[in-house]
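Report on the following structure.
Just so it is clear, A, B, C, D and E label the chains in written order, and each chain counts residues from 1 on its own.
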Amino acid sequence: MLKVANLVTEFASIKALNDISFQAKPGRITTVIGANGAGKSTLLRTISGLERPTSGSIKWFDEELTDKSVEAIVRSGVAQVPEGHAVISQLSVAENIELGGLFRKRQARGDLEIATKEVYELFPILFERRREPAGSLSGGERQMLAISRALVARPKLLLLDEPSLGLAPLISAQIISIVDQLCKSTGLTVLLVEQNANTALAVADHGILLALGKVVADLPAKELIADSALRAAYLGY
Amino acid sequence: MNSFLTAFFAGTSQGAIYALVSLGLVLVWRGAGVVNFAQMGQAMFTTYIASQLIQNEYSYWSAFVIALISGALLGALVDLGIMRPLSSRKNSQLLNSQSMRTTVPVIASLGILGVLKALAGIFWAGEERGFPAPVPTTGLRLGNSDLAITGFDLFVIGVVFLALVLTTIFFTRTGMGLAMRASALNPEVTRLSGIRVGSVRTLSWAISGTASSLAGLLVTPKTNLSPNTLDLLLIIGFTAAVVGGLTSLAGSVLGGFILGYVIAFVNVYSAPENVFLAILIFLLLALFLRPQGILGSKEVRRV
Amino acid sequence: SATAASVPGVSKSQIVLGMQLPQTGGASPGYNKIDDAARAYFDYVNSKGGVNGRNIKLVVKDDEYKAGRTITTARELINNDKIFAFFGSVGTQTHLSVVKDINRRGIPDLFVNSGYSGFYTDPKKYPNTFGGLGTYTVEAKILGKYLKEKYPDKKIGILWQSDDFGRNALAGLAASGLKFEARKTSASFVAGTHGSIGLGTQIGQLKANGVDIVIIAAVSSATAVAYATAAALAYKPTKWAVISVGADATTFQTILGARGTAPATSAALLAGTITASHAPAAGDADDEYIKAFKKINDDFNNGADKRWDNNVLQGMNIAYLATSALLGVGKKLTRPKLVSYLKKNGSKLSSAAFSPIGYSGTTHEAFTGFWLGEYDASLVLKPIDGTRVVYTTDSANGPVTVSNYKRPAIAADALPRVG
Amino acid sequence: MNSSQLALSNLSVSFGGVKALTDVSLTVPKNSVVGLIGPNGAGKTTVFNCISGLVKSDSGSFEFDGVKRAFPKPHELVGLGITRTLQGVGLFNDLSVLQNVMVGADKKYRPNFVKEILGLSGKTEANLVRRAEEALAWVGGASLIGREPSELSYPDSKRVALARALVTNPTLLMLDEPAAGLGQDDIDSLAVLIRQLKKRCAILIVEHHVDFVREISDSVSVLNFGKLIASGTYDEVKQNPAVIEAYLGHSDKSDENSKLGA
Amino acid sequence: MSKVKTHKVIGFRSTRLAIIFFVFILLLSMKFGPYNQFQLANIATLLIAVLSITLLTGASGQISLGQGAIMAVGGYSAALLVTRLEISMWLAFVLAIFVSALFGLFLGLAAARLSGPYLAGTTLVMALAIPSIAIRFDSFFSGDIGFSVDYGYPPDWLTNLLGEITIEEWSLYVALPFAALSLFAVLNLSNTRSGRTWRAVRDNEVAASLAGINIARTKIIVFVCSSALAGLAGAIYGFRGLVAPSVYPTDLSLLLLTAAVIGGLRSIGGAIFGTFVIVFLPDVIERVTKFLELPETISIYLPALMIGLLLLLTVILNPRGSAGALEHIRHRHKH
């Protein structure tokens, strides 16, 4: 269970997150929606340790994540697919994927091979291009690679920041459904940030609506989909 | 022995030395993403330490080992004290363009070089002194003829190739090598992969510090030791790295030998006064034909 | 008094001299001992009451052997330290950058530590500049003549550093009839690169061309590298002859010693090497000047490295010369007086050198004579064939003749006597 | 004939072994919006890169405004009347918003270098400022003038990037995924803007946001594995089985979504 | 809309700043003794060279470790013109600008393809190779002896006007107008289209080229401008007494870079500040060591140590240099 309590994250003079509290159920998808600049990415980056909160706490089951380093957080089972196609363009596709599982190499060599095979099955194009530098991939292909890198880490908590960005509709639907399956089959917990609310909420258990760094709605996903007034007020449709 | 052989042997033995320097530079470039102009400063400093120990009656090999260890420590210190704060959050926001990100560490390394030279001057008065070689520096004989190559030259060549093989395996075949390359290229993504970027980078500075230190120990038997004698070597070694391709370990070694031959043949068939000019022309030519260096790979960056 | 106040750098109790030399940087090794040695001698003079009641103060500036810096430090010495005269400036290229200005301002420019004849052979151009060394040309002429006559059938070659020093030496050798052929008997290298670029190809070329006698015109550290390289290439010329700048036995042994060469081995390498000197050999413990200077060095030198060698001797000797010149001018010290004193009486001044001072209306070269010696097994320079013969000549095409100069004895208090 | 702003024919590009484009032909009529869609890695960005000279084509011809010519170099585009925005933002972080837009205008209204050194280019500069302000106002960014790019929200920086493209008065505007990462609000206003822009120039758009594409484009071309598999109006193309197979998928979910959004 | 107005008066603003600089240095020189006046002349001279780095590295992001070599080109051109053709020093300075600009053109043609470390390396080798040409062709360039050239004597009208002029004052009067003019030109360039273009290229080459900027040509133009400045600085620097390889060593290039960095690579005010630091710091240190009675073995290395440390502190604490720090403080106050 991910528990975020009274989280505040500041940049220079603005409060990107202003007293955020919510919980994400284990084995479920929790979707975070909100307009541009609402603080969605900041929330994920704060959880994964890329940003330091000014106050508040983040707990993953009994583990306090708040003041840990990014590396330590990742090692305790949290993986993030950051916004934008975050790959290392000079490294080959295979190396990018290998990198994702590197910290598990000692304990889980066999499983790494399986995990790698799985993502190659998921995205055959990556297998085809595995020896090429990641920089030569198309925008969408890079996004697939970034997701793969996170998946081979076999995370328990997956933070997805706009995974559909730059992906063709078919692929983005496919990814969402894969994530959904993973939750169901492995108990993966997912925090999914999407601009386009509907597809993301459709598979989610819970929905959180952010505006100006505050939680304005924390409802079961179905209710959030249905609440057109709320959406109209905060998302413009 | 004719002029050709003279040039060939001299080029080989000097080339091995340039290769050693150049390999060290490429090591930091790939491991930490910095062109370290302080490298020969670090080499000079640790070699002085070894020299001091030898003067105080320590054996060569114990001085050798201590120098390597101090090289590692100095490298780590450079990272912890300077390079890490440099790439800190606050600064990375200030240096938001690619060109500045490569420029500023270069400048920092020049500062480190200045500081190390001045400190060496204060500690060791800056006199020029020799430094012993671990193996004999007298020429080898083949049958009845003297070869213009010494046991020490062969030793250096051996070390260069051993270092090349080991570092290549390390970088391409091991997880740590991958982690290092990744840390140098994109710290954020690397950290998100659970890798302790800070420690990895410090480690790679320590390794390159050891390599510099080794270079210092192996070049000074031929060049002598003073705060300044290694400057020129850095420039030549750097040229070698650029010619060979900054991203390629094998390229750096190749570049080192090529430069050794260029210099030796210009020396023999033209005039020593032409050497620097020849280096410049050669460098421009090489970069004109292959801007990424002979074995370097072109960076693919897409929009 | 009014007159004293109007002379810069001279007060009732003090005379300020200024010196520029590389104390740090690549060109500093060895030379950075000259200032400490000179100061030691001046301190000794001061301890004996100074010159006509005035103490000599030596202000030293580090120009790092960068001409751009020398220009600034010279202005500092002139304007801030208000020196009376420049003294013992080290380095040809650096001094070139200021010599015109110094002369234009009428400041005496004493005992320049450069063998570049261009400073001295046209006193109309630089009336205030006086040498502190023999010129490279003179020395090379003398050495060349000797080698040519002594070894008529041997192949003589040269290893020279391609700068003013090397070129001057080459010119002197040419004047004595020794000519070299590029890429056969003449091997050059860019000054300062003997470490990083190495001397392998140069020495290899000399070897390949069967050169029997190798003349070296390079700095001492390069000489040491040249010998070591030759040893590595198993090249054993019949004879080495080294221009004195590069023949400092202490530097030679320090460098090779630190390379792990046992002192006996490095001594054996250098032994038999011919070189020239205007002064007594630094290692000549019996020489009266050396004895006196060594004692002063022990007692008064506060420098970082006061080990006795040619550089220390040179520093002491020019300080000795400066003291005699200042004594000679007398109580009423002005710049023009000092200059005209040196012009008139310079040639009468004595020092540790076995050569007279050459100052005259046509030249301001210091030591016009050299004697030739060979290092013995203990690395003391001993006159060739046992007796010291001092040869003298000029920096142009004049003949080399035997000098009949007799060096006056040093006074018991090691202070110069004039008049 | 003369009604086509841009006509590409038989364009082929390969990278090493990868055939990124095979025989692609594409026409952008004047004052129309053409959408270029297709799965990831189909070659859409490569088409853009070819037109803008960032990638060299193996074969193919380039016709602009009825004139055949070689593929232009990147910096020649503006002179021809073509501007392009980048996937992502691509603002100059060290320049203010106004200066960013001025950079776009510089090329067209180039002042004299000597005058510049002598400090006499004030008039030209003022002119540039005026044009930049106009362009910013056009995209609804008049209030952003004094700001720095790093302070901007994502939609605002996209706006500035668009202003920088528009300030040159292009005849062909190429937009690479302009709607990506934008909220519905901003997508809607972008659509409005593009419909207005159509009066001024032809527009070629790459976009995965199919509703947006449908809404704004007069025609669409669909790429798959570097080949053109269909073209026509969105509604025609949408029925094409090959397109459904490769790109849209069978469950026409996106249409449902748009109903919700509309 | 106040921005519009400032743009209209670009010329006025830079004229004003250049005049302020000019007058400030002159006033300072009246307070100073001859040595410090000479140091001011050095500042004026080196400032031009530092500005050339501010343009190159600061504005366009291209690093040069060989600016000293370009200074040598300027110095030699002027010295050759004066000694061989006997033209006036002033004309020689102006021509030196053109010769080094031409040199910058060739350099730029080669360098436009390079970036980052590759460019740094090439320029570093250049710093080594260019002065060696003088030795290689010593009959023409007179080897390491070089050319003894100086500013000569002040013209009569000036001495009539101001009375007796010392050599140091004359040095300052020669260098200062050039420095003020360079400042004026650089201010103009960096505040208008050129500066904008350069910074755009530095920030994002692809976006810049799509905005119609010819990247290669822009880089070449920067090299030409920067070399013209460096060449002018080199000519004035050489005429302090000597034009020879030892006047333009590799260290000079690094020292200039240090000045530019300490002040703030991107700021013209920083260039001025940094130049003051590198010129006056050794003097300050000398005073301190005298005061503390440090032994010579330490004190002679102290200037180099301090410059190195200062450089490190600058890049660590504030890579934008001291000017950046000021900017930062100003920003804080605005908020």
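The rule is short, and it goes like this: contacts are C-beta pairs under 8 Å (C-beta built on N, C-alpha and C of every residue); 3 or more make two chains touch, one makes a residue touch a chain.
Predicted model, so just to flag it, every value in this text is computed and none were measured.
*Asks:* Count how many hops through touching chains it takes, at the least, to reach chain E starting from chain C.
*Replies:* Tracing touching chains, the least step count from chain C to chain E comes to 1.
*Asks:* When the contacting C-beta pairs are counted for A-D and for D-E, which pair yields the higher total?
*Replies:* Of the two interfaces, A-D and D-E, more C-beta pairs touch across D-E.
*Asks:* Give the label of the chain whose average Cα location is farthest from that of chain E.
*Replies:* A
*Asks:* When the centre of a chain is set as the mean of its C-alpha atoms, what distance in Å lies between chain B and chain D?
*Replies:* Roughly 47 Å separates the two chain centres.
*Asks:* Measuring centre to centre with CA averages, how many angstrom lie between chain C and chain D?
*Replies:* 75
*Asks:* For chain B versus chain C, what separation do you get between their C-alpha means, in angstrom?
*Replies:* 38
*Asks:* With centres defined as the mean C-alpha position, give me the chain A-chain B separation in Å.
*Replies:* Roughly 42 Å, centre to centre.
*Asks:* Check each residue of chain C and list the ones that touch at least two other chains.
*Replies:* 24, 162, 190, 304
*Asks:* Which residues of chain D are in contact with two or more other chains?
*Replies:* 45, 54, 86-87, 90, 93-94 - these are the residues of chain D that touch more than one other chain.
*Asks:* Any chance you could list the residues of chain B touching two or more other chains?
*Replies:* Residues 96-97, 121, 125-126, 231-232, 271, 273, 275-276, 302-303 of chain B each touch two or more of the other chains.
*Asks:* Which of the residues in chain A come into contact with chain D in the complex?
*Replies:* 35-37, 83-84, 125, 129, 136-141, 143-144, 162, 165-173, 195-196, 198-199, 235-237
*Asks:* So in the complex, which bits of chain B are touching chain A?
*Replies:* It is residues 175, 178-179, 181-182, 185-186, 188-197, 297, 299-302 of chain B that touch chain A.
*Asks:* Can you list the chain E residues touching chain C in their complex?
*Replies:* Touch list, chain E to chain C: 33-35, 38-39, 42, 132, 135, 143-146, 148, 150, 167-168, 237, 240-242, 244-249, 251-252, 283, 296-297, 300-301, 304.
*Asks:* Can you name the residues of chain E that touch chain B in the complex?
*Replies:* Touch residues, chain E against chain B: 57, 61-63, 110, 113-118, 120-122, 124-126, 128-129, 132-133, 135-136, 202-204, 206, 250, 254, 257-258, 261, 265, 297-298, 300-302, 304-305, 307-309, 311-312, 315-316, 318-320, 324.
*Asks:* With touch defined as at the start, can you tell me which chain B residues reach chain C in the complex?
*Replies:* 1-3, 6-7, 9-10, 13-14, 51, 54-55, 60, 121, 125-133, 137-139, 141, 146, 148, 150, 152, 221-233, 236, 263-264, 267-269, 271-273, 275-276
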